[in-house]
Structure formats: structure tokens, C-alpha cells
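Next up: the structures, one after another.
Across the two complexes that follow, chain A remains constant while its partner is chain B and subsequently chain C.
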Partner chain A sequence: MINMAEKKKFLIVGGGAGGAILANSLVKDFDVTVINDSPYHYYWPQLLQIAFRNDYSNLYRSLSSLLVKGVNLVIDRVKKVDLQDRIVTLSNNKTMNYDYVAIAPGVTIEHKGIDGNEKLVEQYGDFHSTPQNASKVFDVVSNMKKGTFVIAVGDPYHRCPPSPYEGILLADEVFRLRGVRNDINMILAVPYPRAYPAETFNEVLEPILKERGINVMTFFTADKIDTENKKITSLEGEELSYDAAIVVPVHKGPKIEIKPDDAINQDGFINADKFTNQILKYDDAFAIGDASTSANAKTGVTAHLQAKVVSKRVLGLDARNTGRTNCPTELGFEKGTFVISDYNHPAAKVPANTINFIMKRLFADAYWDIIRHPEFWDPIFDVYFENTQPEVLWKLFR
Partner chain B sequence: MSEAKKVVDARGLSCPGPITNLTKAYRDAKNGDVLEIWATDPGFKSDIKAWIERTKNELVELREEKDKIIAIIKITAKK
Partner chain C sequence: MEEINEAELQSESLERLLHLVEMVNNILKDEELLKAISKLVVSEETFLIIDRLPQLIKLIEQLTRQENLEKIELMLSLLQSLDKQMLEKLSNAFKAIKAEEKVKPMSISKMITTLSEPEVSKGLNVMLNLLKALGS
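Right, the complex of A and B next:
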């Protein structure tokens, strides 16, 4: 008990991928409290499995079951964080103070950020917002018989960079298995100069899209949707007609007031150092995961690695983010690849194969255990990340 | 509102960096605005030319300095 009183108070806003791992990694050395606005922790990659396979298995677990004994859990919405006075305000205006704070509330999906997308998502769903919207996609792909099926990116800063590609390739799989693929024209529209923005990884992905007969429209950032006439107009000034369409929605930062104002950027993301996750000059405050500008890719792996960096830094170690990404990319028909890069290396050309597909599936099944048992998984991940550094992979796959 | 000049600093970002940042600034821009993009990614030069060709905006200048590539774009083709 005396020991407990001596421990410093560590508040974590958001118990998602980043927040839960951070809490479990800190509990030995700090008095840790996680504040989450719902009793559940969602595994967002499952939205793709719902949208294209009607599989809900890994969608969520109760957050309390994922936190190590000793971590305090408060189910409430955080309204405000004052970094100057070290005060966190909850929805009922109750306040909490801290010695350290980590802010990890993820993104806010804003369908209205693209004209017409609210209406479009009601009709055809999407796989970046809610399980309900993902299930609409499943209805669409399991019933469509002919016409043009479009996935268009409206916001290049969306979660999981490879997800639109996974979406179109999994839709292709569904259409082929249903025997309707020949009657459906499939289009992927992206804001970039080529199918995949990173030139090196594009060399892996583009031939696969081609082989599967998916038409790619480049420099097309969905900007306006005319649901009446079934047309999408791009920011770049072109038009695209559809029979069914999914537009990857605009992502914004969390709906939390953060003081001082310069702690957030114009889209509401929290300004954090890309190496340390520290917010501005506040050495007791960090932002990790999708909500922070330090996440160069909005992925769970990034949130996970950033949580590890913060947990070491607050113990006085000079741990730093390397910018490592590790995005498992499902390609349909039991093939997969990974987008692996870091601050100093572009994405390696990891080939598409069945082993990589199995790796993705194994990772999804192990996810809950990975969060709950960092003491078991940390050494495994250390070995994995060490041996799959982009530098190493670049030598393997030319 | 009057025409604005805005600097888009995309240094240190390799793909998808610079074009993605430009897209974001383009969403907020209006005709007459000038965008100045700074990048270090060597692929940026060909990507920006392709972007100009597709969007029909005006490339005022594309030059390389010691530590960065600078593209100055006048927005003329926004609908």
C-alpha cells in the first residue's frame, strides 16, 4: 500500500491499441488509470472481415478483460486535457490530475467532410467507421450482379494505408466466388500518382491489381458525391460514375479540447514529436497512435511501438520511434504481403504469398493476447522487428 | 477573401508525402492562390509534373536547392 502511494500517477486517455498496451507496460512502475469512453476495445481491422466475409469474430472484447491487474479503468468520455495545469476533465466535469498523461483516443470519422458521403455511406456502407457500415458493404458485394463497383479514397490520411487495396481485392474475391465478376467493372480511385503511393511497394501491388482486372484511377481524390446521378467528382476535376461506391471518409483528430491550443493542428490531431511522442515542451505529456501527428502511418503497429517507446522514456531510457510500419495486406485468395518501411527506408518489396496471409491471420487471432501479455510478447516482437527491419528486407527482396 | 500564398513543407517525407500534402492544401485553396511546396523526396519532381498535367494548374517554377526541391504552383483550374 505504501508502495502504491509512492507511485506516480499516469493517466491514459483512450484504451485502444496504443492506450491498452501502454497501460499494461507501465503498471509495474506507475499508478495507472485508463479512461475510455466505452467498456469495449475494438479491433478495427475486423471491419474488413465484416465487409467482405461477414466475419465478426475478432471485433471487440471488454476492455477490462484486456487490462492487467492493477490498472484502474474509468469508463467516461474525456472532454478536456489541460497540459499546463495537468488536469483532465471528464464528461460530467469531474476532474483528475496526473504526474504523466498519454493521449491515445484515436481518430474521429467525419463523413460530412466530403459532400454527399453521408448519404453514400447510408446506401453502400464503408469499412473505416462502424461495424454497421461494414455490414452494409457485405450486403452490397453479396448482392451486386452487374455494373461498376468503385472504391475511392477521399482522405489520404486514413487509417491503415493498405486498406483500400485490401478492400478492392477482397471485393474482387467475393465477386469471383459468386461468379459475377465478368459483369462487374471494378475501379479503385486514389489521390496518388500511381496505384500505391510508395513507389517501391507499388511494384509489388500494381501487377496484382492488373492481374485481377482492377482499373486504377490515379490523381483522383473524391471530393463531391452526387448520389442522385451516381457520380463522384474529384478534387482534381474529373468525374467517375458508379453503380455501387465506397468512399474512404475524412479522418479528423479526437473531439477533445486540448490546452494550450497549439497542441493540436488544424485537423484536430495532437502535435507530438515524431521520435519521442512528447507534446510540445511538456515532458510529462505524450500523444500516441492515430490521434497524434507522430504516427507516420495510422496503424495499430505504430500505436503499439509508440506505447513501448513512451513506457521506456518515462523510466529514463532514451527510446525513440524509428517510424517502423508493418501493415499486413490481404490480397484475397489466401495471399498476403506486408508494407514494411521506416523513417529512413522506403517500403520494401515484400512478395505476395500464402505465408504472409497466414501471418496476418495469426496476428489477428493473437491480438487480444498480445495486448494482455506484453511480458510474453515483447521479446517475440523484439526478435521479429529486428529480423524484419526494412534494411534487412531490402537486401532480401530486390 | 483575397488570394493567398501558402508554403507546404513536405521535407523529409518520402512517398506518399509531398503529393499527399499538396492534395490537402489543394482542397483548401482557391483559384488565384499560390502554393509553394518544399520536398526532399527525389521522386517529387516527376510526380509534381504529372499532377500539373492532370489537374491543368500552372507550374510557375520548379527548382532544386541545396537542401530541397521547390515547386511553385498557381491554382487556376479549380472547379
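Right, the complex of A and C next:
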């Protein structure tokens, strides 16, 4: 047993999926402190459930209830992280030093990144920013009777890559159940040459969109919204009229000053090695999850896997990220699929079916337990990730 | 000290139990999840499986006998080696035979002419190769 005095100080900035799992995995070997700007931990995929099902059940839990005994929790905003001097500065200018730091505060949503999106969100909401905005979407889909309903993507690097597709398909489900679908023209506008950027997974998704009568507009990067005339203009110069629209907002890095300056890129994301999550040359500093450039998909599972890699590396093991993604995707009418890929394999053609929907929901319902008890879930996930490697799935679903 | 440790252990166990109960409660409250599970369990296919379970078990038992497994593997490798186009042609030929109600008798001169047609000689060649392989 290591005494508290002998334990090294490990500061974790952010108590999201990555931060909380890292803290709970390290508490036996380090003096761990989590700094979070809110006393709550949000399960962001629930925004889709609020937007299309008015279901708030899994939205948040108090962060203290998710951290195991022994993890210190500070509720404050981090202003600055100085990697050179190993100092973290809080909003009240109080400073904390560390032996190790992991920065995992998530992203900043910038509606103003797309001209007119602030006003559009006020009217129709979205499912990437807040529960209040997701609730506005529910008002729209449960009251719209006719016209054109649009979901457009303005920022391809948004949180949860399948979310625009889930959004349009869940909206379709609501319209069908309300009996108004025949009077509503549904359009999904994306910046890619096809509905889904990865060609292989597109082969799964595009037939579903077609079958459900959803029109896909390709090469359309939402750039400007004229809310008075109800028109969206793309970077490519196309125009799209709507009666109700949701535009996926621009995502930026965290609003934290990080020194040295070259630790962050022009969008504020932290430059971290994609295999080790290490920030630049600092072997005592890591960036994990959505805030880091190392995340090839901005999802909780990616943050989870990165947290496990960091927890092993600081204990001296040579763990590395494989770039594994595992995005459960809900398609409406109790059907689901998974976007599973890694650095060496594009997304496999995982079929849409009820079993995958059940798997998706079980993951969501077990989420809080997965955060609280990594020791219980790690062996289960090790087997799951081993048996569902993209390489294996590629052979299985040709 | 030991009493405190014991109390701590018990409180941790109780907490773990409460967390598990919370997770089960989340699952039980998830109406759509339960609906999907019910649909999957209570379906025409599952009823069919349940109804024919004794036959299925018997069939599985026969199929998984070592000697049968070896035969199935051979059949599979045979299937893999078969040319899809050739099989389609064969299937069309059988359909044509079935469709022809009466087979008209053919004169010897017509038979000799037919044998010289390239498509027929190709087919005969295939048949001869097959017969050769069976005889080897």
C-alpha cells in the first residue's frame, strides 16, 4: 500500500467520460484531483433523446457520485495550464501544482461560427449544445405539420459523428408516428461527396435514408443562415430553403490558456500524440477526449479508451491508442448500428438491426456504472473490443 | 481498527449493490429497449424455432458428427470451386428441359450437326472433364 505522502499528484482538468474514468482508474496509485467547472457530469448523447423523445432520464448525475472514494474534486473553472512550470491556475487565481496532468475539458460550442446560427438555434434549437436547445427541437418535431425540415452540417469535426444521421432518422420516426410525414419534405445537407463520409459505412446508411424518403444534399457545408428568408447558403455556393432547420454548430477547443502556445492548434484543440495522448515533449502532460487533436472521433468511447491508455502509460506500460471508434447509432423504429473503425480500417459495414439497437441502449443504460466501476467493466470491454476489432468485422460484413 | 475496516468494506459492498440496482432500474425503465427485446423474443421466427426444437437438435447432432462435418467441409469446398456462370447455365438448361413437354426425336444427321456446334462441344468437354475427375 502506497502512503498518500508518497503518491504523486495527478491533476485532471475536466470530469467528463475521459476525466472521470481516468480518475477512478488511477486513485489507487496516485493522489488524484479532478477539477470541473460544474458539479454535474452530463451524458451528451442524451441530447438526441431529449430532442426526439423528450426523455431526460440519463442526462446527468452529480460528478461526486461518479468518482470513487479517494478522488479529490474541485468545482472551479480552470483559467490556465502552464506545462513548463507544472502549474494549473483556477478562476480565482488560486494555483495548483502537479506531477502529472491530463486535460480533458471537452469542446466549446460556438454557434456564432456560422453566420445566423445563433438566431436559428433560438428558433429551432439543436442537439449538440444544451438540454434547453434540444428541448426546442422536440417542440419543433412534435408540432410541425408540413413544409421542409432540414438538418445541415456546418462543422464536419462535431461531437458524435453519426448524430446528424440519427437526428434526421429519429425526426422521420416522430413525423411518421404523428401521421404527418407525407406532408414534410426532409433534407439532410452534408459537406461530403456522399451521405456518410466513410464510403463503406455509407453503404449501410444510404439505403436506409433512401427507404425512409430522406433527401441527401451532398457538397453542402452550411456557411450562412438567413433566418428572415429561411435560407441556408453553403460554402460551395448552393442555397437551401427551409421551414424548420437545425445546423450542427461549430466546435472549438476549450477556453483554457495553455502554455506554451504551440500546445494548441488554431481552433484551440490541444496538440497531443494520437498514439500516446502526450502533449508535445511533456511526458507528464496528456490531453484526452474531445479537447484533444488525438481524438479521431469526438465520442465518449474514444475518451474512455484514451483514458485507459494514459492510465497504463503513467504506470510504466507501453499502451497505445489504436484509434478505435465505437459509435452506437440509433436509426429509429428499434433499429441500430455501430460505427466501428480504427487508424488502419475505415468504418466496417455493421448492419442495421434490432440486436444493435438493444446493444446501443444497454451501453447507454449502463453508462453511469461504467464510469463508476472501471475495475468491473474493464475485463468485459477488453473482450468486447478484442472480438469486435474492425479487422474482424471487415471479414464478417463484406 | 479491524471493525472500522469491516464497516468500510460493508458500506462499499452496499454501495456497489445500489449502483447495480440503479443500472437494472435504468434498463427496466427503458420502454423502447424492453419493446425491442420483446419483439425479438416474441416473433414468428422464435416460435418456429421453439416448435421445431426437437428436430433442430436432432439435425444439429447429426450434422456435427465428425464424419458428417468432414463431408460438409468437402461440399463447401466443392461449392466454392464451382463457377457461378456455369451453374446459372446449368440451371437454365434444366429449366428448358422442364419447359419442353415433349422431346422430339432427332435424326442421326441432325445429331452430328449439333455435336459440331461450338457451344455443344464446350459442354461435352466439361462433362468429359468431370467424368475423368470422377474416374481418377
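The rule we apply is simple: the second predicted complex is superposed on the first by the 396 of 398 C-alpha atoms of A that agree within 3 Å, B and C clash if a C-alpha of one lies under 4 Å from a C-alpha of the other, contacts with A are read in each partner's own complex, and residues count from 1 in each chain.
Criterion: a residue touches a chain if its C-beta (ideal position, glycine included) is under 8 Å from a C-beta of that chain, and two chains touch if they have at least 3 such contacts.
Every value quoted in this text rests on a predicted model; they were computed, and no experiment measured them.
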For the overlay on chain A, clash or fit between chain B and chain C? fit
Once the structures are superposed on A, label A:Arg361 by its partner contacts, choosing first (chain B), second (chain C), both or neither. second
Does chain B (first) or chain C (second) touch A:Leu317, or do both, or does neither? neither
After superposition on the shared chain, which partner residues are touched by A:Leu396: those of chain B (first), chain C (second), both, or neither? neither
Quick check for you: in the superposed arrangement, does A:Ile380 touch first (chain B), second (chain C), both or neither? neither
Would you please give the vertex angle at the Cα centre of chain A, with arms pointing to the Cα centres of chain B and chain C, as a multiple of 10°? 90
Considering only touches as defined above, state whether A:Glu199 meets chain B (first), chain C (second), both or neither. first
Just chain B (first), just chain C (second), both, or neither: which does A:Tyr157 touch? first
Once superposed, chain B sits from chain C at a minimum Cα distance (Å) of 30
Based on the A-chain superposition described above, do chain B and chain C contact any of the same residues on chain A, and if so which? none
Touching residues of chain C toward chain A in the complex: what are they? 12, 16, 19-20, 22-23, 26-27, 29-30, 32-33, 35-37, 39-40
Could you pull out which chain A residues touch chain B in their complex? 156-157, 161, 191-193, 197-199, 218-219, 221, 223, 233, 235-237, 346
Seen from chain A, its contact residues with chain C in the complex are 53, 57-58, 69, 334, 354-355, 357-358, 361-362, 365-366, 368-369, 372-373
Using the touch rule from the top, collect the residues of chain B that touch chain A in their complex. 14-16, 19-20, 23-24, 26-27, 43, 46-47, 50-51, 54-56, 77-79
